[in-house]
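The structure under discussion is supplied below as structure tokens; questions concerning it will follow.
Labels for the chains are A, B, C and D, by order of writing; each one numbers its residues from 1.
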């Protein structure tokens, strides 16, 4: 006979909150403090150098906002759970593994915003996390033994739509990148749009 | 009919505490460990190199103390809340987005303390966060459904004054920077002054 | 007469969760954002540069997954404890000291994946942590005064096997490294294998 | 009439635990991953380069262990408190400000272990934190309104001795540094010695 130790839900939450807090704060290390060449007055050189950081600041802000969305997804899913099993924990750890790569892919797209490859890797990273969250919603909808109450159809539909909003936006970014890599990140504007729609969906 | 999942207040608090803890600790990465040129004795070179870090240490200490003030503001506001809604969460996430930029603008002003632009960006970053906290106080004062008890006028007034103390000090720093950028950060001495006044205000 | 202040279990958990969250997120700083030489088009140079990161990404993913395993070990052990004493806290702090070195040894093996020394130091770091966890299981099995209920033999055996899975895999990696350092990290595939076995062991 | 909002003890604890977790994990960034010169085989060059990291590893380990001691001091003090007031919070924030500097002074002493100035700054940083903890013990012993129960003399004496152990060791390190800066950090061996004595002191 085999059994399984229950997993302390509270500690998984602390780990997740910690990793998101750190990943979100590390993003800013993506932005290089500009180096004014020796012999040049900082006041003369800095304005142009700082304006040149626009791609980095934009990438950082997008990644931050997408990460807040993912954190919200964790938080929403955990609200429905009364307990956690090993499969669900492992799903979460894979999400977290993908999440700690976000500062790296953000850094890549921040430094090489005109490269289609950099745009695609950033989009792939975010898009896969979106898919994994959709997978979590489906998994818990089929695991009533983990839930406070059976998941209503509306809640599942809304959770899936919100999770996939990032994946859809990532695909859009990759499509834009085919012709205009530098403008690809505007594709992420689809996320707030889809979220706004999801907030109007009936709950049941 | 649409509804809204409640948001776990405790997890938002953990995320905020985590981001502040990290941002406050990352500040010190602002300070470069000096590099003694090869062939020079460290004991001969270090004293001057370390004294040359004064701007960086000062910027780091100011940013740390201002961040503790912001953290206190979060903590005070959350004490009045019995629950959180989506709008309030979004307000907080915007504050956090601005907060993760603080190590960057601190680094900028630490490296270019004589540049008016660097001083202004640092002040702008802090000043905007102050405004956003004032916005949070106003928002919760008008959202009694989120509160344990209706907000007393004195509490609101004190919260606003404390939030805006940073904005006022940031404006002062920008004004000083017009003529003496290198001395601008003394403007932040206004914050403890205003806080001391706020502690004497009647509570109702 | 001497006495001992009880130690707040919840705070030790927060410290552990925090350190693991940070160490897991810092791993990604191991991966250098590639620098495209000036005058070369990013789109031309990036693909090869990014493919060249395979060792770093692999090392980062392995270290992440091993750290999640260690975090799980902490979490499992703490579930059995009703209180903590000084000896147990000290054991944990030594584990944490070894844990904060993981991003460093990961970085080493990521940069020098063909060096036997780098492989050995990474394996030593992980293997020692595995041993220390085995030590924790033995310590708590002999300290019934710390436990909710006496540890069942099956739980102890399973805990030991899971802790030592990393040590066994680390020894395997070191053995592979004698002839093929670059392939040594495949030794860590033993961990999921041993964990899968441990999940089939009888619980009592 | 003025009043004071109570301060959420739990959130101060989360902030402290977070900052300690981060500072303890950042220490390892103190250790530079060695760079093998181009054209040299890593296996030939790495052993000497890694052995050359001994000062950095030692400084990192000492700082880690001292920080665990400080974290323990926070944890012990908070166990006696039923609530927190503004003065006590401010004392803690000053301790935290000094704490976030520890990775910097550690980095300094790690890179320049033979420099008396570096040794002194590291010792000063740690020694001042020890003094501030002694100050916290005295403050709470005189603020019975914050405590679950009046502080026993033995508890206060033990708390003071443990807090000052770091200060005493730091002074010892500075004295050793007068003649042998490179051996100064052995002075910190006084800390476990003093702690061992403190554990034998009568509790009342």
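For the reader, a short list of remarks on this structure follows.
The rule is simple: contacts are C-beta pairs under 8 Å (C-beta built on N, C-alpha and C of every residue); 3 or more make two chains touch, one makes a residue touch a chain.
This is a predicted model, so every value here is computed, not measured.
Taking CA atoms, the transformation carrying chain B onto chain D includes a rotation by 90°, reported to the nearest 5.
In summary, the pair chain A and chain C forms a contact in which the copies contribute largely different residue numbers, shared numbers making up under half of all those used. Chain A and chain B have CA centres that are 25 Å apart. The distance from the centre of chain B to the centre of chain C, each centre being the mean of the chain's C-alpha atoms, comes to 36 Å. Counting partners per residue, chain C has 14, 18, 21-22, 26 as the residues that reach two or more other chains.
Interface residues of chain C facing chain D in the complex, by the touch rule stated above, are 1-8, 11, 14-15, 18-19, 21-23, 26, 86, 89, 93, 96-97, 100-101, 103-104, 107-108, 111-112, 114-118, 121. On the chain D side of its complex with chain C, the touching residues are 13-14, 17-18, 20-22, 24-29, 31, 33, 36, 42-43, 46-47, 50, 61, 64-65, 68, 71-72, 75-76, 78-79, 155, 199-204.
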